[in-house]
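Input: structures, listed below.
Shared between the two complexes below is chain A, which has chain B as its partner in the first and chain C in the second.
Let's turn to the complex of A and B:
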């Protein structure tokens, strides 16, 4: 379905130190640095998959999405999506994809959402009967009936995002690119968006590529993740694999009767302690959890112990550190 | 075509919302119309004997110019398009299955038509009933009126095609004020907006006639006043069409080239 082969893209960035002197100097002579946004990225994605595309800010996620949606032209490399090269066959190709850029809006600001939808219907030349059917489905699943006749400027961010996603699906695309679809949304809206994404993937077999900084999105949705950092692909696999590789830490929260001596626990990093409560982080490759608990039991009068696997969020932080991103 | 039509319609619809702006514009345009006419009156009273156009013609010319201002002026700008470019929202426009040039052309045209629709009729009705010599003199016959409308329409298409070049230049400069100022100052004069072309010195007329701008203002308005005879008008409309296709082809080509190199701003 999607084959990306060795794509690279660099940007010229005008660079000058702050201050008046340098500002004057830059009038005559400007220095540019080349920033390689992505370097030699390759992957393939089969039809019907949900792929989470993650990485820190500035890693090149959006650049990759833009290349795959035909907006940017890469410096090197090839990309074949449903048989098209996105930037060569742009107008033909884009009929098959839907794109949501979470930080931007495709709806007309001053008119009701419905007007923007009807415009998209005409732009994509969607036949009336299939437009009606899709619209009904979207109104029902995204819960749009109350907001679809409201001008966009009067919608909340969560409402707007639901409308944006709806707008990207009106023409029944086979592939959906979601660039931070849950950015700035509250918990309820996030869950609604996630459920919807899952549903269209299951029911209509839409291939979904999603970038996000919210690891809960990834855990809820993506069977597969691609991790990108400093423009190169660092990890390609499922979340279980990621946990196995990096998630060796456990967090132990212990509550005990008042104890004012320092705790002696070798190979354990103590995240916080109070007189009757300690939070510890244990690397299971160095020592095991039961040893730590028994050491702890020897020193204090334990009341309660909880053990937590490492949240995916922490794993990602650890990975970023490991790769020095 | 269907998509361009749809976008034109929506932009037109949107433009009709701005009634207060239209009302204010109406007052401004009537005011400036009077100023222009008074200046010309003084000029005709104390100037050379045969300036090339009668005062009546110049007054009619001035009123039409005020009435159809939104179809003719290059400084009318769509800030939304500039924001699309400088903020990076253009990303969405680029993933639509049609040429961005057509898309924007339709948007700009729709905006101008809406603005003109709100303003031209009230102004025309008011100035028709002004006492002589300040009123509008109707055209000599129906044929001149028809030719005027055709020339005005093609002229509007040309204005939009020229303004597209301004928008394209913003991809490079990232700042609309410079491009607009440059285009607006020169084109306004060269189009005959400040003074009709026949009132210019001969050497300047020669330059003006070589450029496309006079086809957007001077040419249609002088058809209305009867200063340009019908045969000449038909030839002129032919020239307009040639210029129009040159401008559109150039704009579409430049846009295509620049979009390949586009940097979508802001992440």
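Let's turn to the complex of A and C:
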């Protein structure tokens, strides 16, 4: 479905040293530096998959999305999506994709959402009968009936995002690119958006490529993660694999009857202790959890123990550190 | 073409959301040509005529120029305000839609408030036409139509070329206003009153004379007029073709540099 092979892209960025003299000088002569946005990125995505594309700011996520959606032409590499090369067959190709930029709107600001939808129908030349069917389905599943006749500028961010996603699906695309679809949304709206994404993926088999900084999105949606940092692909696999590779730490919270001696636990980092409570961090590569608990049980009268796997966000932070991003 | 009108309707609806501001701007837009016209009137009152041109002949010239310019502003404002489309990243969105970029940029903005200026100029044109001593033949009416259409095409071409510049630089395209606003101010008057170099520039480089001064001579039965001058406005197409080419080149550049 999607085959990306060795794409690279670099940008020329004008150097802008501060100071008035440099500002004047730069009018006549500018020095440029080449910034490699992405370097030799390859992956394949089969139809119907949800892929989380993650990485810190400036890692090259948007550049990749722009290349895959036909906006930008890469310097090197090939990309074949549904048999098209996105940047060569732009007008034919873009009929098959939907793109949502969480930070920007694709709707006309001052008119009711419905007007925007009708204009999109004409832009994409959607036949009337399939437009009606799709619209009905979207109104129902995205719960748009009450907001569709409201001008976009009067909608809340969560309402607007539902309308944005609806707008990108009117022409029944096979691939949906979602660039930070949950940014700025409250908890309820986030969950609504996630559920909808899951639903269209399951029911209509739409392939979804999702970039986000919200790891809960990834955990809820993505079977597969592509991690990019400083323009290179660092990890390609599922969340379990990511946990196995990096998430070897467990957090143990132990509650016990009052104990005023210091705890003796080798190979364990103690995050905090009080008279009757300790939070420990265990690296399962150095020692295992049951040993730690039995050592603990020898020293104190345990009341309760909870063990938590490392949250995915910590893993990502750890990976960023490991790769020095 | 029908999509273009769809764009127009949705943007007209948007504009009408702000009714008071729309009405005020529309009325205000009449004032600019009115002041220029008043200046021209007093000039003629003092001197009677300029290089053999009478007031109503110059008013005809003035009206044609302003009709063409205000029509371009109404229908092709998208190219005039294009730098902001690039700056806001909205141009990326246009590239995601399965339609030509020229059509989408044209459809991105219409300046309906220029209708005021347009209506004023049409009124002036009607008045000037009635003052003409000779009758309006079919040929003359066609020539008049060509002049307006040709003017629109020239302004559109300049707007497009200026818009293309913004793929390279966001600032510095004010210089282009020398051609649009400057050209408009110049061609309010018959070009024969200017220095020869200026006349040549506006004939052979930016062919305003071909849509304005030269065919105007046919309209007023000027003694030096040649009948083929009536067809000269078609020259404007020769400017539009390279403009579209340059535009396409700019879009390619944008997509390969992403600036």
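The rule is short, and it goes like this: the second predicted complex is superposed on the first by the 310 of 325 C-alpha atoms of A that agree within 3 Å, B and C clash if a C-alpha of one lies under 4 Å from a C-alpha of the other, contacts with A are read in each partner's own complex, and residues count from 1 in each chain.
Keep in mind that, in the parts below, contacts are C-beta pairs under 8 Å (C-beta built on N, C-alpha and C of every residue); 3 or more make two chains touch, one makes a residue touch a chain.
Small disclaimer: the values here were computed from a predicted structure and weren't measured.
Q: With everything superposed onto chain A, say whether chain B and chain C fit together or clash.
A: Clash: chain B and chain C overlap once superposed on chain A.
Q: Based on the superposed arrangement, let me know which partner A:115 touches: chain B (first), chain C (second), both, or neither?
A: Both partners.
Q: Please indicate which partner A:176 is in contact with in the superposed arrangement: first for chain B, second for chain C, both, or neither.
A: The answer is neither, since A:176 touches no partner chain.
Q: Which holds for A:185: it touches chain B only (first), chain C only (second), both, or neither?
A: Touch status of A:185: no partner.
Q: Where does A:104 make contact in the superposed view: on chain B (first), on chain C (second), on both, or on neither?
A: Once the two structures are laid over each other on A, A:104 reaches both partners.
Q: Taking the superposition on A as described, I'd like to know which of chain B and chain C A:2 touches: first, second, both or neither.
A: Neither partner.
Q: Touching A:70 in the superposition: chain B (first), chain C (second), both, neither?
A: A:70 contacts both chain B and chain C.
Q: Quick check on the output: what are the common chain A residues between the chain B footprint and the chain C footprint?
A: 11, 66, 69-73, 87, 90-92, 94-95, 97, 99, 101, 104, 106, 108, 110-111, 115, 118-119, 122-125
Q: What residues of chain A sit close enough to touch chain B in their complex?
A: Residues of chain A touching chain B: 11, 58, 62, 66, 69-73, 87, 90-92, 94-95, 97, 99, 101, 103-106, 108, 110-111, 115, 118-119, 122-125.
Q: For the complex, give me every residue of chain B touching chain A.
A: Against chain A, the touching part of chain B is residues 2-3, 5-7, 10, 13-14, 17, 87-89, 91-92, 94-99, 260-264, 266-267.
Q: Where on chain A does chain C make contact in their complex?
A: Interface residues on the chain A side: 9, 11-12, 63, 66, 69-73, 87, 90-92, 94-95, 97, 99, 101, 104, 106, 108-111, 115-116, 118-119, 122-125, 151.
Q: Could you pull out which chain C residues touch chain A in their complex?
A: Chain C residues touching chain A: 2-3, 6-7, 10-11, 13-15, 17-18, 88-90, 92-93, 95-100, 255-259.
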